[in-house]
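Here subunit A shows up in two complexes: once beside subunit B, once beside subunit C.
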Partner chain A sequence: MGNPDITPRQSFLARTPSVLWFLGLLGLFTLGVTVLAEGFGMALLSTSMVKILGMTLCLCLIAVAMDVVWGYCGILSLGHFAFFGLGGYAIGMWLMYARTEGIVIESLANAPIPPTQEEITNAIATQIFGVVGSNELPALWTFADSLAMQLLFVVLVPGLLALVFGWLAFRSRVTGVYLSILTQAMTLALSLYLFQNDTGLRGNNGLSGLQNIPGLLHLPQSTIALWFFWASAAALGAGYLFFAWLVSGKFGSVIRGIRDNEARVRFLGYHVESYKLVVFTLTAVISGLAGALYYPQAGIINPAEIAPIASIYLAVWVAIGGRGRLYGAVIGAALVSLASSWFTGGGAPDVNLGFYTINWTDWWLVLLGLGFVAVTLFFPRGIGGLFDLLVRKP
Partner chain B sequence: MRLTALLSRAVTMPVILAWLLFLPPDEAGAQPALQPLLQEHQAELARPSRSTIGPVIAALLASDHPGITDFLRKWEAREVYLRPEDGLFFYAEKTGSRLRLIDIDSGAAVAEPGSREIEQIRPNAGVRREVAAALVPFELNAADPARRAAALDAIARSAEASQIAPLRESIGTETDPALKIRKERLLTLLTAQFAPTRSERLDAIAGLAGDISIEARGVLNQLTATRDGVAAALPAGANIARVLEPGTDLTEAQAHDRLVAAGLAPPRQTAADLRDVLAQHIVEGAVGGVPLHRLNTTAERIRAYEALERAGTVPPRAAPDEMARAVAAHVFYTEYLQPDPRITQAAEDALAATTRTLGLYQVADLVLDGLSLASIFFLAAIGLAITFGVMGVINMAHGEFIMMGAYTGYVVQLFIPDYTISLLIALPLAFVVTFGAGVAMERLVIRHLYTRPLETLLATFGISIALQQLAKNVFGTQARPLTAPDWLSGALTLNDIVGISTIRVAIFVLALIFLALLLFILRRTRLGLEVRAVTQNPGMAASMGINPDRINMLTFGLGSGIAGIAGVAIGLYAQVTSEMGANYIVQSFMTVVVGGVGNVWGTLAGASLIGFLQKGIEWFNPSNTLAAQTYMILFIILFIQFRPKGIVALKGRAAGD
Partner chain C sequence: MSTLLEVSGVCVTFDGFRAINNLSIQIAEPELRAVIGPNGAGKTTFMDIVTGKTRPDEGRVTWGEKNISLLGMSESAIAREGIGRKFQKPTVFEEQTVRENLAMALRNKRGPLDVLLYRGTRQEAARITELAREIGLADHLPRRAGDLSHGQKQWLEIGMLLAQDPRLLLVDEPAAGMTPAEREHTTDILRRAAETRAVVVIEHDMEFVRRLGCKVTVLHEGAVLAEGSLDHVTQNRQVIDVYLGR
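The block that comes next holds the complex of A and B.
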């Protein structure tokens, strides 16, 4: 404490001006989209565009979580998209159940005798699971009629899975690339499990029609899209603020220490495994929340979304944006996912080389892959590293 | 019908007389002619029907004429013609567009009539079956072994009691040993089913014990076939297989369903029935006094129904315990179709013995399957065992090297149509191509990332998606075939249960060759020594005059090249797609991690564990390979918890850390 270099603790926002910058920009962006959107303002942005932007914000949120677990704590998790998907499934079950319930009740309203609860449940089950050849509601769906329970599951299911998996993995000191492969195995197992028809989540059909929000069916999609956009922006802002606060304090110093030299931190007396477990579980929960906001905008979720490759893409976004800086993750996720939908959606013009025409729908992945190699080799700090050239640290 | 028969008989008689008159004396002396014999049954043979043909065939066969079987066979095959003008039968052969009639007895060409002047005799399918069955005993003794075998097939298809005697007689004169064995087995099967005395059948059934052929199992299953029964008391004299206890062997609802099906109990009223009945009795917005809007619970619906019941508008509802009482009042059982209890008992015993044998063979087959899957995993992972296991480089593009090798094989096949030669060229070429790709990747990318393993993972993943998409752009998204040469496309089969395709044996052999080759290179060559030195301590190795750059490059190239050859092998039994590598990458990494990093034997152990495990899990639930994979991965995750260093863990300094 006698060291004169240590100034009295400033408030966390004063120490990290980038947070204020980010929140300000996010606010401006939200305002801009709102003004331009179809559902509210000048109708320059189509509803589908608003949805894409809202989904991108959710991807930014999970990228921030990934940055905390990888960029700050050094755990290259290839499983966070699985948590994202689980969050989506949890909310999707309620969306699908409640929506089907509405349809069933409407169709039975003209029956001579009002239906019993059992008849309604059976009709819902047939409606939802007929596609996988079943007419019974699986036990998994016991609470599907309750929004509160399913919202709880959005947090609980990814959180518990991360807790159990992380506890097992960190306890036996699986680190580095082995941990990455293990998380990838977990993701693969989960997606293979969900691909089966008899697991009660409709196999490879997934859950669909999620864009129809029960209770809000009288509102046009343009309004709902905007609401979800706002919710996504608020979630990203809150998540960003929370993680920025988390990593700026002593906790952040410890997990950075674990990233740089795990053994040394352990020798200093910290219980490394607990720190890792907290980071892993916390980011998994945030990922689940991001998924729960993402899939109602996407409208459909199926096991392919959870496939291991999605989680690797997540790592790619964070690496391109720049690890160890939260705004880097946001930049990477936004840039790559928007570019991806622009190129593969046929938005990019073909390049005619005379002897061959480059069609970006076919060549985008080649470009992305090679670009990614280039970033890893030549710009290990990612795009966010460019800010270091502008901002000179005092 | 009768009129035509009479008419034709009237026509036939003078013809036969004329025939007898003009019969050439020398032939008549040698053997009696066939044609007169045939003319006796002229009408039936010319217009055959299933109901009348039986006695005719019997009579013809009873004549024992040497030409009769030949005639019947030709007749059955629609090769016999009738000339309506004199009612004679002829064989025929085609000369150009016309037919040349051939005399049945002399074999000489007789005439070339126009198509209007003759009729082809066309027995229908039923008649032909009759003839075929009647001919069986003759066929069993035919000179041509192929015909004897065909006759055995015919008996096996439609077995009946009458075939026992001719079959038994034909065994003594059988010269072909293989056919003799078949005949004896078939005789056992027939005897077990149809022999007149019980002791004969019991002996035959005992002889079937442990016979795993489908026919033998079919016979035993037929002998032990059961039907479900229900009655107030166990019927006397029935061959009861088992008495079923409602509540344990079948649920009460199932038991009641059987009662309903047997007409012993009225059907239960389902919830839907109840609703429909109520819907028919709506009076002024209420049913039985209960307002409609309250009928949304089962209890209220029952109350409404009971009100209707009291009013007498609907039949009374079943009392709550009526189902239980009905079930309790009856006995449920399964009963053998075969009435003789000693026969069924013997068949059950034989079946139990067969099931034991069958179980043994199934285990053997499972082991073979596991072995083959393990060798595929090993082949896919062995390149990784070098790059990841020995060098510690995470190469996510390893799967794409496998794909590259497979596409190399495909391209070679496009240019060289002979599959054997193209395979012989494709194997080394795939090695060269992927070796080159591996060396290029090591030089351009991985070399710069040796100190940053996590980034190696991501950079190689970038290469992986680029290569995958590139392959998609070049070869399209549909699967491309990589055809195995004929000598690899068969299967080795021991019996009905145990068998393995040749291609899998080849993959197994290839895996063994790779194992030996790799062990030899790593342990016995200068290169192997240098590889081990560089991976243990690059600085020290460099100071001993080894060039670590060169060694790393060669090692990575070797691992990639082996992946290419594995790609050709895998492409031969699976199809070649741009995603085929991605399907193996996670499994391959797990194979190496489970086996123990840095050790080729470890990879072998890992591949065996994963291969056998997956087949083992599949065995419990054969229809669901996805579930097997899921559980296997869960097992691996747990396994790594308890043995983080894998099965074969390196010890001492080599372990690094």
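The block that comes next holds the complex of A and C.
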């Protein structure tokens, strides 16, 4: 690109070597898990472990999105898990419908009179919605038989919600803690709404059996788990690359400027609200995609998933990992969510103090809280900030 | 010389306090103008009005050959019209390098998509180098702006203003906290900028204003008290009473 003294515009990968490092490590990790997995290689990793790792990668992806919206653009959204959940619901509807359809057709196959399409649809509706006392397919499920449409909704629903919410909030210049509270209200309202039985998404039962992928039922879960793990790794890699590109150039410069001094950016002639809206919506869409990959591995989604606390955890991961650097978000999300499932899943042995036994299932949150305080006090740049100590300053 | 900015009959009230009271000022292009006045005279509020930060209760603010009204335009739209502003406190983006600061300010398309797909050209890179030389920061381009000295930050901000290539520069106390040598350099930069564009400088320091050697507007209680050369206004009885006499 010519004389480096005059044009410092190298390709963005050359300017940000951490991206290549990250992609390399992600590739190695994927290869390692594949070789050790039950479904492919040495069977040292159980299928449920592969699923946990795949889900962790999805959590890393939404953490990266959170880091862009908060760490780079300065919008402390405490509602991004709502978008994650909506992505999960959108794909879950197809998974559940198509699987139930298969079961219904199979069970009616031996009937003396071949069933009509209407009978099949009614049987599916009864199967899915009997649990909430309904036998009709809600209008919401109009396109549930179409994978393409539901995939479109994975992107459209979180994207549109973020667009409308962001447009209303940013144009009124709601910032800081007020915006955080608004986003909490959004995710709380959505979660409370979905808890109702008549919303067409099965209330607190949520959508279940999502690990059974229609059309792939002949394959063992160990294989499907591995496929989803690969897809999650690919999504994290692509999402990381995309966001790294987004924040590397002048766009990144502008949004970091908005984070540090919004008014100044405005007086430079940039329409700050548009930038915030773009970042908010883009990260919401990626969060929806991450959710759509996560829930088929989790097998179930219910409204508790998008409770306000989930989005707060997301912010905690990013803060612990180190905001304003994408690999920090990945480190934070992976470390904390894996530690969380180890401690709360009974992996950690109880500590007997004689007079009291520390049961980690109960005490994990205390540990997490202390960890968060410690990081905030002693490593304000998070775990990722430790990398600065390794890299010599010019 | 034609009128570039015309502020006429503007009033602003904050909680019952009249910050600006029937203010009328005309700025020509090119012109260098100093605005002085005691604290609370409405100097900064005047800039807030022109840049769209504060909406006046009454009056008109018109701009350019077509006399378009700036009232009702957003801050960013006014900035794109060609009005640049330097704040009292140096406000540069401390976490970013000098080069990034200048690149962000450089006159260019401002839409999110344009910026996302932006690839710097050789001319722009050369322009940044040239600007950096002009503000004495040629050797500091890769440095974090937060690591600059106070005076260098002030210059960087002036450089960012010049990078915007505005027709009107509004500069709030550019010499605050500068050493005498730095002040001299700042005067040079401003005088040079005013050869081709309109520059309005708010300043407390009389010596600095004298060195600018330009027309002076004295504000008091939100209105123009006197206007003319520095010698002319400093001999004005009213000006001496409200400002210089104290």
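The rule is short, and it goes like this: the second predicted complex is superposed on the first by the 384 of 394 C-alpha atoms of A that agree within 3 Å, B and C clash if a C-alpha of one lies under 4 Å from a C-alpha of the other, contacts with A are read in each partner's own complex, and residues count from 1 in each chain.
Note that in this section a residue touches a chain if its C-beta (ideal position, glycine included) is under 8 Å from a C-beta of that chain, and two chains touch if they have at least 3 such contacts.
Small disclaimer: the values here were computed from a predicted structure and weren't measured.
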Subunit B versus subunit C as contact partner of A:147, first or second or both or neither: neither
Which of subunit B and subunit C A:348 touches, first, second, both or neither: neither
Subunit B versus subunit C as contact partner of A:253, first or second or both or neither: second
Which superposed partner A:369 touches (first subunit B, second subunit C, both, neither): first
Dominant toucher of subunit A (residue count), subunit B or subunit C: B
Which superposed partner A:278 touches (first subunit B, second subunit C, both, neither): second
Partner chain in contact with A:23 - subunit B first, subunit C second, else both or neither: neither
Residues of subunit A that touch subunit C when the two form their complex: 2, 6-9, 246, 249-251, 253-254, 256-257, 260-261, 263-272, 274-275, 278, 394
Interfacial residue positions of subunit C with respect to subunit A in the complex: 51, 53, 74-77, 79-80, 84-85, 87, 91, 93-96, 99-100, 103-105, 110-112, 115-116, 118-120, 122, 125-126, 129, 142, 160, 164
Residues on subunit A engaged by subunit B in the complex (per definition of touch): 76, 111-119, 165, 168-169, 171-174, 176-178, 180-182, 184-186, 188-189, 192-193, 195-196, 198, 308-309, 312, 315-316, 319, 362-366, 368-373, 376-377, 380
Contact set on subunit B toward subunit A in their complex: 271, 275, 278-279, 282, 287, 292-293, 295-298, 301, 394, 396, 445, 448-449, 452-455, 457-459, 461-470, 472-473, 582, 586, 589-590, 593, 624, 626-627, 629-630, 633-634, 636-638, 640-642, 644
